[in-house]
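Next come two complexes, and both contain subunit A; in the first it sits with subunit B, in the second with subunit C.
For the complex of A and B:
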């Protein structure tokens, strides 16, 4: 059959947001894929150079929409490194709770959109609804549902309200109950097994070379997690497991690095996040929640450069911040996980895939275009 | 793995949905309404008597949403500071709240009001006053706000001219 070209996205429900893939197709098989991004370009990195240090906080959270807190945390950590600040213990625990709640909500969104891509439309309805209960917590804690602007250099913006731990516990119990239903409908569903096993495999020996991080790398059999290797916030004082292939708990391990394993790793990490939040709520000490800031309009950060990294639900986020001792940063470079997953990895693993599997491969990589187009 | 397990989803047929209809129906009670929390960052409120017109909120605003308007009548009242007060363009505001944190007199505040619907884009730019406070439907009482700003100038003589 003659080869033809197919454009998928940017206005297509089977694509992971505002990006496009240009596919060359032979019959039903993709022979070549090319990523086409730029629909979401807002020039964050350049824009940050013209803003004061504190004015960047409402900007960085826009780099990853489903999980904005990782950006605030990574940027704040880099500024703290430059300032030589040691944040209060209570702030470290509150950060852990916020980051893990954000991780759960991002995973619910990822699981929902993945299930939609293989035709199980019940799960997206449920997971987006359940995610809103976490957004309710964020609304009480941070004052906003999506862009929280809560993690600041030196700590967190506000202290936890007195009645919030109770609400968090209630929501976690609810999500744990719901996960059983998710298992029945998606993760132990015959359709999921038939569709996902062996599809979109990342070759395990190439994964590190390609720059794969996060759940996608753990699905390839590497127990790589920034939370364990380079603990930030309060992760060094909290007991949790890194979920990696082939140790998939109650689920069967099939092939390393395929769409099935990637989604199962995400499913199991929700349980770990719940475990982390419960411990953090118990261990949280009393005390200050933020250090005193200098006057924001005259805040000069000492000269030097800092690199901070954070484990997000998509992979590893890194911030490289350069300061010349002035009011504004000289350069900020963001290392986003979707940049490697969406461009480098997706283009390679889409080769040889079936057209019907293209969207499930993309969703199983959990690509988030804002951090490609930053 | 099972073929029958997904059928458990059928039991949701008898359950109530997550969502509630808006505008609220009569039988929905206050708890179910999911009213915004106290910390929710919505429209500003500003105590015009407490505000000293220092201009810090406009300096920290990275969206350049805050401009200033002069209220000459304030001086006659014998208030300290300059007689300018912030006017906020809600088409630009991102509700980050940096202006509130930097306010030296704590007169500028964010309220849980977040609903503002208008076909006229000029209506999104107005001077926040104290009247933008919690009301039952969490909508900005725009007439009240505009009236209050007008009323302020009326109170101090302009109306009589």
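For the complex of A and C:
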């Protein structure tokens, strides 16, 4: 049969953002795939080299649109390593709460867009609406809905308002109720089983070598989570489970590393995030929320190489920060999880897939092109 | 730290192993670490040390069992920026080398996919090099944007 070339993206509802896949197809089977990125390249890493340490905070959050807080946390942690700062206990708990709220909102977005890709259009409407309740919390806490610029080196920018824990608890109860409806419409739906089981499988013996991290790795049966491996914020004082194949709670475990398992892992991690936030609210100590900081305009960071990593909803986010002891960083390099998932992994697992499954495979990997482009 | 013991050199820096290697030792070192539990290749970073006349390449590797992060660092000459590709050891190194080739102009021998990555049809110098002044570049290319002078020691 004759081979055709097919271009999907950058403007296509079946692509996870502004990126493009160049597919070679034989009939309706993909024989080769190539990822093409660069539509979102804004040169952040270059820009950061010409800005003061503090001026980079409003910049880094823009590297991941659905979940910006992980960037602020990772950048701040790397700078704190170089400065030798221990942040106040209250700030550690506030960071945990903010990062977990951001994780829930990112998972809701991921689940919504995935459901849209297999034709269940109710879920995207619901999940985007439910995500807005979390953005309301962020608005009260930080004054902004999407980019919060809230986690700073040395702590967090403001203390939690007295009435916010009540609003958070109310929202968590609401989301818990809504998850039952999500199960009925998506996760226990026959369409989901028929479409997702066995599709887009990552070979589990290759997963670590290919650089797969986060929920995608846990769906392959490796229970690795940065929150447990290298606890940051207050995760070492909080009790939670790492969800990984084959222990999928009330859901049936089918095949490791396929689209079904990846989405079920995300669904179950929302429950864990809710559990973490509830504990953090209860255990949060009184005290300062930020260290006394130097004059931001003349702030010099000691010389050295620092690397910090956090667990984002998409996988391992890392910041490599190099300082020569000056007012500005020498080099900041961002490790985004989509860099491997979107390029090497997707190009390999798309081979042999049906054209109709391309979009759901990409959404089940939860690829976010801004952290490739930066 | 395990990686420092395995390779017989290096120092601890902010809880990470920082190991300075010669260019010809790198491939063996990555293979040795990979066999000894450093199975996750985190990333490949490049730093342009303009005043020292060199590029520094940092290979980050992570060991899930020992919970240890190793940074293997090599220096290459800035005027003759050529390096052997390591993409046969971990497949994702191919993408990092593509990006560094484009952003710093380092050539990686053995990487067959050094095609444009983020910047297509880019006729200018590699933009992440320290001697590429982006403000000056913007002023030259898009004349209408004002150029803001800045004091190196005082900040803005």
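By definition in this document, the second predicted complex is superposed on the first by the 374 of 374 C-alpha atoms of A that agree within 3 Å, B and C clash if a C-alpha of one lies under 4 Å from a C-alpha of the other, contacts with A are read in each partner's own complex, and residues count from 1 in each chain.
One rule holds in what follows: a contact is a pair of C-beta atoms (placed from the backbone, for glycine too) under 8 Å apart; a residue touches a chain by one contact, two chains touch by 3 or more.
This structure is a prediction, so every number in the text was calculated from the model and none was measured.
A.B. asks: Report the partner of subunit A that touches more of its residues: subunit B or subunit C.
C.D. replies: C
A.B. asks: In the overlay, answer first, second, both or neither for which of subunit B and subunit C A:181 touches.
C.D. replies: first
A.B. asks: Let me test your reading of the model: by the given contact rule, A:149 touches which partner, first (subunit B), second (subunit C), both or neither?
C.D. replies: first
A.B. asks: Between subunit B (first) and subunit C (second), which does A:297 come into contact with in this model arrangement: first, second, both, or neither?
C.D. replies: The answer is both, since A:297 touches subunit B and subunit C.
A.B. asks: Once the structures are superposed on A, label A:52 by its partner contacts, choosing first (subunit B), second (subunit C), both or neither.
C.D. replies: It touches subunit B and subunit C both.
A.B. asks: Which partner does A:132 contact after superposing on A: first (subunit B), second (subunit C), both, neither?
C.D. replies: first
A.B. asks: Name the contact category of A:167: first (subunit B only), second (subunit C only), both, or neither.
C.D. replies: Touch partners of A:167: none, neither subunit B nor subunit C.
A.B. asks: On the A-aligned overlay, A:189 touches which partner chain: subunit B = first, subunit C = second, or both, or neither?
C.D. replies: In the superposition, A:189 contacts subunit B only.
A.B. asks: Identify the partner contact of A:229: answer first if only subunit B is touched, second if only subunit C is, both if each is, neither if none is.
C.D. replies: A:229 contacts subunit C only, not subunit B.
A.B. asks: Just to be sure I follow: which residues of subunit A are touched by subunit B in one complex and then by subunit C in the other one?
C.D. replies: 52, 297
A.B. asks: Enumerate the contact residues on subunit C facing subunit A in the complex.
C.D. replies: 13-16, 18, 39-43, 45-48, 58, 60, 64, 67, 69, 71, 90-92, 94-95, 116-120, 127-128, 130, 134-135, 153-156
A.B. asks: Which residues of subunit A touch subunit C in their complex?
C.D. replies: 37-38, 41, 43, 45-47, 49-50, 52, 81-82, 208-211, 213, 222, 224, 229-230, 297-298, 304-307, 309, 316, 318, 320, 322, 327, 330-331, 333, 335, 339-340, 343-344, 373
A.B. asks: Given the complex with subunit B, which residues does subunit A contribute to the contact?
C.D. replies: Residues of subunit A touching subunit B: 51-52, 54-55, 57-59, 120, 122, 129, 132, 136, 139-144, 147, 149, 158, 161, 181, 184-185, 188-191, 193, 252, 296-297.
A.B. asks: So in the complex, the part of subunit B that touches subunit A is made up of which residues?
C.D. replies: Spelled out, the residues of subunit B in touch with subunit A are 1-3, 5-6, 8-9, 18-19, 34, 36-37, 39-41, 56, 59-60, 62, 94-98, 102, 110.
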